[in-house]
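Alright, structures below, take your time with them.
In the two assemblies presented below, subunit A is common to both, partnered first by subunit B and then by subunit C.
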Partner chain A sequence: MPIHYHGYARYAGTRRPPGQAWAVIAGAGLRNMLSARPFLFVLLFAWLQFFVRGVMFYLAANVPQADVIAPSPATFRDFFDQQGFFVFVVAVYAGTGLIANDRRANALQIYLSKPLTRVEYIAGKLAVVMVFLALVTWVPAVLLLVLQTMFTGSLSFVREHAFLIPAITLFGFLQVLLASITVLALSSLSTSARYVGMLFAGALIFSEAVFQTLRGVTGGTGLSWVSFSANLAQVGDVIFRIEPRYDTPWGVSLAAVAAIIAVSAWVLVHRVRGVEVVT
Partner chain B sequence: MSYGRRHALHGVDADFLPGAVGLLGPNGAGKSTLLKALLGFVRPDSGRMQVLGMDVVDRPLEIRARLGYMPESEAHIPGVNAVTLVAYCGRLAGLPAADAMQRAHSVLQYVGLGEARYRAVDTYSTGMKQRIKLAQALVHDPDLLFLDEPTNGMDPRGREEMLDLVRDLSGRKGVNLILSSHVLPDVEATCERVVVLHQGRVVAQGPIAELKASSRRVFEIRVKGDVARFVAGLRAAGVECHDPAADLMRVLIGEDRGARDLFALAVQHGVQVRHLRPSEQTLEDVFARVVDEP
Partner chain C sequence: MADSIASFRGAALRVFDLGIGQMLWSRRTLFMALVAGGPVLIAVLLRVLAALPVFDGGVGRIDGRPVSLDGPDIFGLMIWTFYLRFTVPVLGVFYGTALIADEVEDRTITYLFTRPVARGAVLAGKYLAYLVCTAVVVLPSVMLVYFLVVPLLGGSIGRNFPVLLLDLGLIGTGLAVYGAVFALVGAWFRRPLLTGIVFVFGWEPIVVVLPGYMKYLSVAYYLQGLAPHAMPQGDALSVIQAALTSVQTPLGTGGNLGALAIIGAAALAAAIRVVGRREYVLGQ
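== the complex of A and B ==
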């Protein structure tokens, strides 16, 4: 028998108890995305605003004439707003194929025949998108706050605006969760990542177009709840303690965001199955 | 067990004893559904199922940790090579990363994909994809294997090699397995026992040798003339007749009757007997009888 031939032997090593497979799925997904060079460029590009704002913070802290660009809570709110484009790009790049590709290759049967639950599978996939989205939203926002403290050499800004850390965390989480779970739910509906990307973009653009049309017709923004992005923006304004930009009560916008998350979770739980049920 | 309004299995009462058990049945009999139910993919409307002594509904994860499943349809993790896929499956099943990678290499060697283990699975042929499905089912060293149509789409040589692997696993490696197939020779070549499903019901089960042992005598017969009339005459006389459309049909007659009676029936129905030879009862005869196939 050649030395390289081991044949089949029984396994006598250790086994991890069930409940941790989501981390294996998440780790594999993260490694897979990080091995794609174009995706790294997208991530790098998404940090451009961070570097620009970092320079502005430095100037505001060290050059008296640059006082007009000194940061405020609204600065952080604007940062999240402007990162919205990269949230969309990263969600499409990292999220559209996560379940769609598995469905195309019938991989769900393989996954779910292992000791892991459907919730673990979904959690693992969700973690992949959420980590990358947090990397372009929450992480740079927190680092900006750290930079502000370092450049001014005092904690006075953080003390004055103590709500900023929880606001950044809460809004970052909401933005990341909403985008991640929506794109993942759409991914579970199809076997084509490209089609999922078009669906995701279509849903965002269509809902915004409907809102803008209604805004033109009614002359007000009381119907902003029909738009995905307007709902998130409205809730974000409240979290950052600035004047809400639309007439819709923020509670309605929050309910709309919660409804989207709930529907997406329902779709995921019903679409991720080891067997296709055709009735 | 039902999919929507369609009942896939009903009143199934079967024991799969240790060793290699064949799950036989025509297409649509409910074989794959039964395996998926045992995996916990679909819940039974009523009744209970146990695998390795554990209830399928109550302890699905513990069962799946000790079970390997080779699905019928083409299935793989997209975008990776074979060794990465199999190691990944090992880690999903709870193996540490280093052990999973080590076993992935050895299992791929075992199933005959050693040379191709760094190739992307998407580029594999149908036969290779069958082997990788077996490898991912084996990597965590299950106590019980579910093989759903393992020789589907394989060429004759690949099929023989796959059956050799199945025999080796159950015979020498001590892995219990359930082999679901509609290919009777595959089951006969690898299993000691069978459970036969038809239209969602168990119609026969037991050791193949016992099922084949019959009080009936079997003959192969070829006739010239009005075959349809002859077959109708045989059946009217209580003679079981399989494969009447084939060149050689198989007839099963009572122990107290013999070739002389067949000749008499041939004369009676105006056909010439061109070939008549005693034979042994096969699994196909058992199968044809229990599923009422003409």
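== the complex of A and C ==
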């Protein structure tokens, strides 16, 4: 067998412009999650409410006596509210291990030694969680709106409530972004996905427990800004143009949501590093 | 028979000795300290508020609204919201599922199982360590909250002391039962944490408000039935639960304690059996 000389060879492949590497991370993450059958069951189960509401929309459109269950903007707001549990479950399932497992396997250094920036890495991981969360929130909500139009055979509901499409999109994006970036930030803090899951659950439930205690003591809901979920709910009510459920000004709730997102982004940027300097 | 029981007990105590150190001096203690320290911080905050003019010199007004609760009521509220609904199930899930899952995740279960001790004794010892570890951290937290909150707005520490003892017993029971249930989940399921979270935050809050027998398939129903404080009615589910409780025949203290004892013992026995028989395959 002849032995060939292997010297320097120029890269002969196609060069991708910078800024697209996040798609590789996102694609790998999505494929990895979709190959897990239990996760598919979770996603399917999360669509249960969509099917139930679809039947209700059909009845409301075709049975005159079923007017009482006719959809309204509040119906779509309730839909997001009730999907909250699945947002939590999918975030824990899909998001907790995304960075923690890479840190555990010391893969972060390998990733970041490739033509991949930290921002691209974070964006890719964020895209994985956001896609799955959008699949259980924004996608079914938009499809419900489409179903409503198709069952009634008229665009009158959409015309009357033209704000619903941007409201669904805006609130869906906010809900998905908040859950995704928080769980990713926590994932970057640990090497154990289970620990991250517990931290995420603990933060959510603990903040709610603090709010419920303060609510009991003060007899009012003016301190709802201490709870993650209450802040999101308050902002959601305003986006869907329904009466806000708490006494806290919605601007304060929005500021709290923005602060959580900003802190999470800061944590991500500071924790996702190729080299850790140990002193 | 007596020899095997003595051997099992000796092995469990050795694992307990090893496990208690690992549990107390690990990163997880930080999580437990946060979980148990949170209510104490809130209690301190309430004490500070009570000292400020916010409470109108002890009359109890916030934002012009009268505070209708006194110290013991606030303590009861905190026992419900922080301990019964948060700390006890969360620590049960976190530590209970970790008893075996941690060893599988760290690939150290092989070393434990190659020791000349019964596999079940490993779980039993770790479970005992969990109980001691959580009790040592959580029960003092309850006592601190009691002494900080009960004297507020005219509450009496002495008069309410029996309630504190009841609460301590209740929380200890909760930690024991939830720990046993989630030890079984950890030994059985591949994704124990997710299963535990779905059970505690998805299944239990729903079934306890459903009419019929579904609520008997939870731990929370029996545990909450023993609580000496009135149920807070902040969210919609609590309002429904309180309404249902008022029209249903409660099991009574004996019934609730019996149910919890059966659940705890059965779950622990099942977990020991699962660990003893299951072949753990460590993934790549």
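FYI, the second predicted complex is superposed on the first by the 267 of 279 C-alpha atoms of A that agree within 3 Å, B and C clash if a C-alpha of one lies under 4 Å from a C-alpha of the other, contacts with A are read in each partner's own complex, and residues count from 1 in each chain.
In this section, contacts are C-beta pairs under 8 Å (C-beta built on N, C-alpha and C of every residue); 3 or more make two chains touch, one makes a residue touch a chain.
Keep in mind it's a predicted model, so treat the numbers as computed, not measured.
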item	value
First, second, both or neither for A:D237, with subunit B first and subunit C second	neither
Superposition-derived comparison: subunit B or subunit C, residues of subunit A touched	B
Which of subunit B and subunit C A:A209 touches, first, second, both or neither	second
Subunit B versus subunit C as contact partner of A:G219, first or second or both or neither	second
Contacts of A:A201 with subunit B and subunit C, given as first, second, both or neither	second
Subunit B versus subunit C as contact partner of A:Y93, first or second or both or neither	second
Touch list for subunit A against partner subunit B, complex	4-11, 13-18, 21, 24-25, 28, 32, 101-102, 104-107, 109-117, 273-275, 277-279
Sites on subunit C touched by subunit A in the complex	27-28, 31, 34-35, 38, 42, 46, 62-63, 65-69, 74, 77-78, 81-82, 85-86, 90, 93-94, 97-98, 101-102, 105, 191-194, 197-198, 201-202, 232, 234-235
Residues on subunit A engaged by subunit C in the complex (per definition of touch)	38, 85, 88-89, 92-93, 192, 194-195, 197-199, 201-202, 205-206, 209-210, 212-220, 222
In the complex with subunit A, residue positions of subunit B that touch it	3-6, 36, 39-42, 61-62, 64-65, 67-69, 71, 73-79, 88-89, 91-96, 99, 103, 105-107, 109-110, 114, 136-138, 140-141, 168-169, 173-174
